[in-house]
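Data first, discussion second: the structure below is written as structure tokens.
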Amino acid sequence: MTLLDVRDYGKTFHIHHLGRTISVFANLNFTLSAGQFLLVSGANGAGKSTLLRCLYRSYLPTNGEALYHSQHGTIDLARAADADILLLRQEEIGMVSQFLRPRPRVSALELVAEPLLTTMPHPEAQAQAAAMLDNFGLKRELWDAYPTTFSGGEQQKVNLARALIAPRRLLLLDEPTASLDVATRDSLAARIAELKAQGVALIGVFHHPEDVADVIDDTIIIETQDSLDGVLEDLIG
Amino acid sequence: MTLHNLVHQKSGYSYGFLDPFAKRELRRRMLKGIAIPGCQIPYASRELPIARGWGTGGLQVTLSLAGPNDIIKVIDQGADDSVNAANLRRFIKRMTGAATTTDTTQATLLQSRHRFPEERLHEGQALILQVPDPEPLRAVESDMAKSRILHADADYGQMWLVLYEQLVQFGRYMQGASYPVMVHDRYIMSPSPIPRWDTPMLHQSAHLTLLSAGREKRLYAVPPYTNVFPLEFSDMPFEVEDQRTWVSHSTGVRNKFMTEIPQDDGASSYELSDTSYLEKIVNQQHGHPNTIAPTYYDEDGQFYHAGYLKRRDDAESTPDQ
Amino acid sequence: MLNPPQINKRVPLVSARQLNKSYGRLAAVRNVDIEAYSGEVLGVVGESGSGKSTVLRLLNLEEAVDSGSYSLDIDDLRGKNLFDLDRFDRRAVQVHHIGIVYQNPHLGLRMRYSSSGNVAERLLITGERTFATLREKSRDALSASEFPLDRMDDPPRVLSGGMQQRVQLAKAIALKPRLLLLDEPTTGLDVSIQATVLDTLKRIQRQREITMIIVSHDLGVIRTLADRVMVMRNGRVVEQGLTDQILEDPQDPYTQQLVHAKL
């Protein structure tokens, strides 16, 4: 069943103090069904991440609609109220980015268990968190340590575990395998397959699409409009 | 006895020294104080031939209430024969023509500085206490205008906080005399510097208590049969002075309020503070007949309202600090 | 621009409309609307003079408003404009339903009473008269604020800035209010201490499902704690939205300037 229906979707940035307008993508159309994994590809700087962030509403899409068939009914993510987006993010839509923002004095285990604390008691959440960290191969000694001290790869494992632990219906993956070793990348691919089998829909941007070649159901290609070429990163970070 | 006979025609004093307007104002204020137990009522404090700080507040109340048929008793720290008490008594007698007495049971009006009598007062009697500082919130709010608002809103949190701090720092309530009380579940009141021993005597009394501060120009009242409770936490009870081992030197009596008298050799001797009560006991012991009223505390030191006073060592739970 | 809520059907806990407040000719707050849902953290960001602290003081019923309404979706307060309450009722709301943490701990604390006393006072105001309970509940609130209990009887004036803020926090949550207002709670603290205090706030927010409105000029604080953020300038709200969206894709020129300058 169709989970997401994106029509005529476009994003343009207006940088007022530079007087510049940057059109990232326009006229995007695609659908996504439950249990499907859609790969987003295109040249660097073409706006792949931008698409994911627009869907997650970290960016405001400029035009078009993204009709999402949530448990509560169909809603246009592009124009949904903030309160609705917050609810969906809590219950149904998850995003994994490259960057973990670890908080000081919170252990890896606690960070991963956190998303579960609203629905189950602490010990149970911790047990599930432990299983996830194990799955992604984070060394046991690090579970009680603070991720602020971890390497990039270790942080990313925590990031993934935290993002994938709570049940979601739609997952957005933005370069999740950057800085991961091969074994962990394989773990992730296996995990994606599991999630698909459970009916979770996924959209992903992958630096090495070959890691997940087996689980890709469809691909969407973003064609370069105005090249971002690092401009956006400098301005927005 | 008529007013005409009582008034010195040439001296221009009105009956009871105060002019009729002053007396009327004071009586109205007293009525208001009785109607709102524990609430401080401001009044226009008149000039008297006695300096401020020497009982002018109490005196104004007494002069407004006294009539030719009243019987007046005046004590100072329990003693009828103190210089100040004697002075006040003589002045009141001269100005009102009322009789005077040292016998607590006979008096209709009793003016006192800093003590209750040991013998229980009965209906129809009025006790007038002299008050130096009427404001119980002085320690937490020095601005009287602000403390008026605190009283109006029953905003007493800070007062309770002071008690909490005392328990944390010292393990006990630090206020000795003038222990703050809650009157009629509404106003916190300073009962004037009566010892803790006397504070319970305000509670559900048969008599009327009036308290008046001449210098501060405020009076307040505790009507008969009114609830008066010292501020305390439910698990840290208010306690009176521990004089359980003290024995009156001249009578051998115990469990009545005594003052400590240091001896030359460094030891202490104790004597009853209520001189008229002391006199009655001495008389009784020498076989002379006397009327001694029932006292607030019995021979074993039990207060006449059962269950009102608790000692901390009797308390069931030991609160941890 | 955005649709009204469609699937989130809850009534907001805090609903303030068209707040206006001037000091003489200085219009500090102009036509400000605020909504906060139960359990969320709303950030209010702006530079000095933006009016953000004034807004917080209005929400704490500390100051009279020139015009506007303010209601809390709590029991018998529903539908009432809290600005219309008399002094007595207003204080009851402040005590029972709102906790506040000021930037300057001297405003929120009695520096010479003990820290536990500062917390206990809240309970005393509501009529708690058992000493053991006062000790226990102060302890609970102080430990939830991650304040070291062996110092619970020290007066705030001998404590470090971070500890003082924890006492303020404990005092603010002692009566378990639905709404917690924070005015630059970590500004002025050492950076490492800021991080720990923010962490405590996050923990409390999650454990107690308390609604927080947090004023800050520090976007890092907003990013860490807030679900949604309101940007203020010269007394007006120039933009509001999800925290990540405002910080990563600001639309308004002023917000863009603010965000780009800080990150």
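Going by the order they are written in, the chains are A, B and C; count residues from 1 in each one.
We adopt the following convention: a contact is a pair of C-beta atoms (placed from the backbone, for glycine too) under 8 Å apart; a residue touches a chain by one contact, two chains touch by 3 or more.
Computed from a predicted structure; not experimentally measured.
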Could you work out how many touching-chain steps separate chain A from chain B at minimum?
2
Which chain wins if you rank chains by how close their C-alpha centre is to the centre of all protein C-alpha atoms?
C
Result of counting contacting C-beta pairs for A-C and B-C, higher pair:
A-C
With chain centres taken as the means of their Cα atoms, state the distance from chain A to chain B in Å.
78
Chain B-chain C separation of Cα centroids, rounded to whole Å:
49
Centre-of-Cα separation between chain C and chain A, whole angstrom:
31
Which residues of chain B touch chain C once you look at their complex with the stated criterion?
153, 155, 157-158, 160-161, 164-165, 167-169, 233-236, 317, 319-321
Given the complex with chain B, which residues does chain C contribute to the contact?
87-88, 91, 110, 113-114, 116-117, 120-121, 124-125, 129-132, 134-135, 153
In their shared complex, chain C is touched by residues of chain A numbered 13-17, 53, 57-60, 70, 72-73, 75-76, 79-88, 101, 103-106, 114, 117, 235-237
Can you name the residues of chain C that touch chain A in the complex?
1-8, 10, 37, 40, 192, 195-196, 198-199, 202, 206, 223-224, 227-228, 240-242, 244-245, 248-249, 251, 253, 256-257, 259-260, 263
